[in-house]
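Dropping the structure in here first, questions after.
Naming follows writing order (A, B, C, D and E), and every chain is counted from residue 1.
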Amino acid sequence: MRAKTITEEELCTFVADLVAAGTRVTAPVRAAEGKVDYRAITRFEEAAIGAELPRRSLKEFFLPPTEPLFSWRQGKGDVTVKPVSVSFPPHVVLGARPCDAAAVEILDRVMGWDYRDELWFGRREATTIVSVACPGIDGSCFCTATGRGPDSTRGSDLMMTPVDGGYFVEAVTPKGEAFVRTHAARFADVADPGTTVAAEAFRARARSRVAENLTLSLPALRSWLGSSFDHELWRTIALRCHGCGACASVCPTCHCFDIVDEPDGVRAGTRRRNWDTCQTARFTVHASGHNPRTDQNARFRQRVMHKFSIYPDRFGEVLCTGCGRCARACPGGMDLPEVLKTIAALAGADGPREAAV
Amino acid sequence: MARIGVFVCHCGENIGRTVDCARVAEELGKLPGVAHAIDYKYMCSDPGQALIKQAIAEKKLTGVVVAACSPHMHEKTFRRACGSAGLNPFLCEMANVREHCSWIHEDRDAATDKAVDLARFIVEKVKRNVPLETIRIPVTKRALVIGGGIAGIQAALDLADGGAEVILVEKEPSIGGHMSQLSETFPTLDCSQCILTPRMVEVYQHPNIKLMAYSEVAEVGGYIGNFDVKIRQKARYVDAANCNGCGACQKACIVRKVPSEFDEKLGKRTAIYVPFPQAVPNIPVIDRASCAYFKAKAKGVKKDACGKCKEACSKGAIDYEQADTFVTEKVGAIVVATGYTLYSIGKDQPEGLRGYGEYGYGTIPDVIDGLQFERLASASGPTAGKILRPSDGKEPKRIVFLQCVGSRDPAKGIEYCSKICCMYVAKHTMLYRHKVHDGQATVFYMDIRANGKGYDEFVRRAIEEDGARYVRGRVSRMYRDGETIKVQGFDTLSGEPVVIDADMVVLATAIRPQPGIEQLAQKLSASYDAHGFFNEAHPKLRPVETNTAGVYLAGACQAPRDIPDSVAMASAAAAKILGLFSKAELEREPTVAKVDAALCAGCFHCERVCPYGAITRIEVRDRKGNLVKIVAEVNPGVCQGCGTCQATCPSKSVELQGFTDEQIWSEINALLA
Amino acid sequence: MALPAEKIEAFEPRITAFVCNWCTYTGADLAGTSRLQMDPNVRIIRLPCTGRIDPLFVIKAFERGADGVIVSGCHPADCHYTSGNYHARRRFAVFNEILGFLGVEPERLTFSWVSASEGQKWREVVNDATARARRLGPFDAFRALAGRSA
Amino acid sequence: MKELQELARTLLSSGTVGVVIGWEEGPRGARPAFITDAADSSRLIFDHRCTHNLATYLSPRRPHMARLGKAAIVVKGCDARAVAGLLRETQVKREDVVIIGVRCGGVAADPAGAKPLTAETVAERCPGCTAREPHLADHVVGEAQPEPPGAPTRDARIAELDAMSAPKRWAFWQAEFARCIRCNACREVCPMCFCERCVGDKTEPQWLESSPHPRGNFAWHVTRALHQAGRCVDCGECQRACPADIPLGLLNRKIAGIVADRFDYRATDDPTVPAPIGAFSMSDRQEFIL
Amino acid sequence: MNLYQPNLVTISDLIDETPDTRTLKLTFQDPQLAAGFDFKAGQFGEYSVFGAGESTFCIASSPTRKGSIECTFKAVGKATRAMRELGVGDTMGFRGPYGNHFPVDRMEKASVVFVAGGIGLAPVRCVIWNVLDKRDAFDEVTIVYGARSVSDLVYKRELAEWASHADIKLWQTVDPGGETSEWKGEIGFVPAIVEKAAPSAKNAFAVVCGPPVMIKYTLPVLQKLGFADDRVYTTLENRMKCGIGKCGRCNVGPVYVCKDGPVFTAKELAALPPEY
């Protein structure tokens, strides 16, 4: 499909159309306390598309912080289980950041290998992700180092790039194409070839800006990690880490969860799954009280290993999109890009940027 | 799943009239985990209890809920029934559907719904109950009595006569306490020493009593049945084993003008002395501060300056090198009988108290306190029983007695009544008139409190037969006018100011606890009130116990007491202890708190809130013996089961057995059926 | 946010009472033996002492649908365990204010000292708490937290 | 700064301590530093971006910290109160820590960025602070600092909330708590949250539902607040750590007001002053009790 | 019904193996599942008590015995304590089977040595019965089983049965001090008894389950006896939540224990970081 453009005015109409048709529309919105969140909107004017990175990523729209898995009712010995629905109403995310969109696609792999998580994919299928290319945020961005970029289309169904008076739009997936076809009236063909050039220039600028922050050789990183479990680096890596898990909660790719039962009275209750994180001490505690991951250094090592060694080994992708949220959120000043830089130096992986994956 | 039996009692018509007991049983029967639910006319009757026992056996019940009256009424009954059927008694609980339901509601539907709810809570609780075993603590059948006044003597003798070994610790060189200083006692005017001295000797000679005079309690460890008490025996510089009490040393002593404590500074003693002739033990002690030998030593004089007593002692009992010694005794119970002290009329006052500048702060020599008057009136006193005033030794013809000096005077820091002053002032006026027939006693009083057997008659006698003049009112000022003391007051009955000329003034000063009592209380983990008197465990029901199990009270350490009250308390405490000692083991309800050492972080909030000092600190070490942390532990012998520690524990790492978090959570969760 | 009169009539509030064993529970027993009639809306949960009563109990009771909660124990100086009630007084003074600050209507919570001889007072506490909760209506705001309504 | 670095160097090279916990320059502004080699002492900084309360690192529940040996810790006046709290609650022994106090003129809410300290950037606890001079310290370094910029704002916001109707206040807090995802960052950074196992993680019974739904969130935040009563040192770490920007400082401030008003207790760096919860006074106000 | 929703099972029998260990026999309530449920020896499941949550253990019965499954557990956590409260007729939840399995097929025609300690016999028992039910397909069968004390031995009836089989070499042992006056078995720790039993490593496999310390000291003994480390199998018992490779909890190095395990060879284990 050929690239399209859409104006701000058409976007307003577009959102109104979607909402009227019963589609849930989510976009970055500036909250009362000044921060930006992905939130439901009813009018495009509520959205803050070009604002800073939202506080949390998109993952919560597919793996909510808490969700019921089923509820039960207990009789005398017998139990009745009431399932939850695994089909979801149509949903459009408008103005997703490429790092957030990419993360969702990366997570499709773990959510779908062997056992298919219906709750995740139910929401995935109901959702169309319209991303907007990112100009780069600050010194903690390192999407380019993870093999993605501020203009990466991974995980997006449609990608918009800001241009004068609106956006340059490309359909990435068949779903995206169908979406454009369905709403064809809102999109225009690219009339001026300069628009394409401007869009590409915007992206190139963003890429080089982010690339200044960090460059990595992912394969070298991965191979170093694979053989450096006992490296002395880990012994003091996380002294300043509180094990609070703020990083995991803002991370677009951290997906660990807990399953808990919540009784509601004598007979009834709900089993839920809740976000969890390997950064807390109790995450790995066995019923016997034995905790195989003994201290915070080991827990932080697990986080790095899982993202840059274990997940790529298993699924061929690093479990990180370089959004930098963890570094920004950390109350103790832990800084993943800095850690990666250190490892890269150790691994000889700090060479010129490679087109990984 | 649990197999709970629910037994709904009609209590005749008492419950059945307003609660549909059959429906309660039916509804409860539908709950998960309820294996058996019936209603019956009288659950507490023999056939009712038989139903429970039968169901326990036949239905293999894992818990029993009796929905009936208040657990205060029949919990013991039903737990006993369960116990006899082989079910741990603590797996049985009651739901109160009578006092809390049928008796207070008329609407049958509402009352029945409520009864179902109440029983459901308890069913859910009982699902979480675990078998508990009665706690058994071995008891050391020895008692420690602290204080050798009349209360301590009485307690020691009662205990010893009851077969218990007793250690009696007295901080002064002799037992006897304040009672030994008194001349006569109210309301019978019998001679104090005549009744006390034989008791003192009895203590000395009793095979079950180990008397440790001139000693103090240094440390107290352990708990009821198992206290370890470290006692400091102060150096007497006289070898008690060799001394035969002949008195030669005192005759030889060159320091003869030390004010006598026993005579309340109205008489003199030597530096080596026994406080009074009937002292028990009759072994002298050297007062280091006034002894010429020790003074010289302190100044660095190399050659012995004195040593007269040593020379005089034919037994070689004088030992200037003696030092304080410590012994540790194991006891099962402790009686505190530390008595009282008098509010000082001087300028130096403890914190919170203000002395009486308006009475001259003790600068007028003929203004004395009640105990000093006792010494003047005593045949064994410094004046051999003659009433002579201290300043010039003349016989006072006009004595003014002031009641409530300190007492009942919040402005001076003491709001309580000292209880005994009304009586002893009346006694003093009588003793005075009996000795000085033309003397006039005038008493300033607020009101007369004479509520004991023969007390009011006694006061009346003082007024009517012995001519004491009672003026209701307070004295605002006293000052010297030549040899006379002007006592300026206000007669509140006549509404007139009065000024009375006196030759001597006796102040009935307030009864205060002994100094140092707070420290002793802390050693015992016992609490004390704002004035420093020991707190009883319950003002009505446990008046001679403290909140520390195994520590008992006798006499004026708890509040101002007269002799009969003190003796009664002492006997009561002894009876309590003999009861405790009557069994080899102490049995306690197992509803005590338990700390999970793995989860305790050692913040010790529990220690701060525990009213009983039941929390101790223990070290947790790893396999290699390295200290991991220090955590709290509950001494089940001391814990009374209030559970304040658990509510205070931030992480809920201490659980009160019988009221665990799981049990209470389950009850609350059961708000939703 | 008081309910309209006709709704107040129909609404039977659910009230949970956490009471100490020695004073209030016994006082409630006395109310029973004295046959003092009172509103049937209160369900008592017995604890040894107010010192054992944890604010978590109150939160849990609201979570389980209570429209009002009573916490009651021995008067100052009457505590069977000497000082449990003093500790409870501090704890609940803070808890009460925090709940208020978070927007729980203070009328939902009743604290009282009821001694073993105050059966009459217990009746008043019960009836007052019931009346207040009735006026406020169901605690839907709290139930909504769990996605439930009355 | 020199003074601080020199002191650290001396403490480390003399073997007095194994680690100096202070601040350093990080990729995103100031951040905690753990200096174990005297030669690295020059990394230590102190300026208005050093907002972190380092006392959290003294928690005995951090075995990887204990391995570094005896610690010297750099504290602002407010942080010293946390050290006092740890001493008071027997988590730390006084002889096991060297306390280096720094005089403080207020710190920024965000340690990142080099913006000067202004009324806009200052941490909300700082204006009007009375704890800028640490007393609980073995060494106090630095010059006396000027008053932090800006005026206190929290009391006014609390008064505003207090003036609202209960349902309005309820709505306000529910909107705030709705963002909570129960990551527990507020707890983990709190120097006074040192429990071996938080009541929030107790599962038998599960008093506090771990799910980040409104009911679990409410129970958690009430309980956290209550457990901070008379213990919170107002270092602001919980609010700073919160990835959802929930105004926990407001709640803490309210509680501080309650304990000051009722029990005459204010956070202090004097460890001998007993905490108000766990104690009582016969004359505690009981106007809320029938 | 999603992945995380368990199947309902009824407790059809209950055996107290030791004072703190219990075996439950579970029957699927769905008749189709009851008839068709299949699994392989060594696979595990998530067992749930509604209101208390899930806990993870191996299926302790043999896949050759259809109709129901068994699990053996100790009450150590919230869910297992709740399981102990249940009785015959009560309903539980079960998800599974999950994970890999012991390669029983690969072991055919070979000798098998089973080494188990304490409740570690549960996963081994599953293989033992699997092997015994096809006894002719295997060569020598040796079982070394030990527990802290006589009362801690699980599956006592089955031990007696195995002992009576002429074609099984059964060594039972208890730790020193754990014996009773009637005890006729060995006294000593499991590794020592393995050494004493000295099973031949020739064309043999070993299956080892038990407390970590037992495994740690048994592996060198087996090595000494000549067992290749890729012919020695054991299981890991990491904390799990989902059981299906999503929740991240059981991740140890490159391995998801719930997917790649719980059965590992000693060789695989040696390559793992020590976070299990």
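Brief remarks on what is shown
One rule holds in what follows: contacts are C-beta pairs under 8 Å (C-beta built on N, C-alpha and C of every residue); 3 or more make two chains touch, one makes a residue touch a chain.
Keep in mind the model is a prediction, meaning the values are calculated, not measured.
Closest to the middle of the protein, by Cα centroid, lies chain D. Farthest from chain B in terms of Cα centroid separation is A. Among the remaining chains, the Cα-based centre furthest from that of chain C is the centre of E. For this pair, chain B with chain C, the centres built from the Cα atoms lie 36 Å apart.
Between the Cα centres of chain A and chain C there is a gap of 47 Å.
Chain D has its Cα centroid 31 Å from the Cα centroid of chain A.
Along chain C, residues 60, 64, 83, 87, 91, 146 each make contact with two or more other chains. Each of residues 90 in chain E touches at least two other chains. The set of chain D residues touching two or more other chains comprises 61, 197, 199, 204, 207, 213, 277-279.
Taken together, the chain B residues at the contact with chain A in this complex read 1, 30-32, 34, 120, 124, 598, 669-673. Interface residues of chain C facing chain D in the complex, by the touch rule stated above, are 1, 55-56, 59-60, 63, 76-77, 83, 86-87, 89-106, 110-113, 125, 128, 141-142, 144-147. Residues of chain B touching chain D in their complex: 598-605, 608-609, 629-630, 648, 650-653, 661-662, 665-666. Of all residues in chain D, only 158, 161-162, 165-174, 199, 207-208, 213-215, 218-219, 221-223, 225-226, 229, 251, 254-255, 258-259, 262-263, 276-282, 284-286, 288-290 touch chain C in the complex they form. Of all residues in chain B, those touching chain C in their complex are 70-72, 96, 98-101, 103-107, 110-111, 113-114, 117-118, 121, 527, 535, 537-538, 547, 591, 609, 611-612, 640-644, 646-648, 652, 656, 659, 664-665, 667-672.
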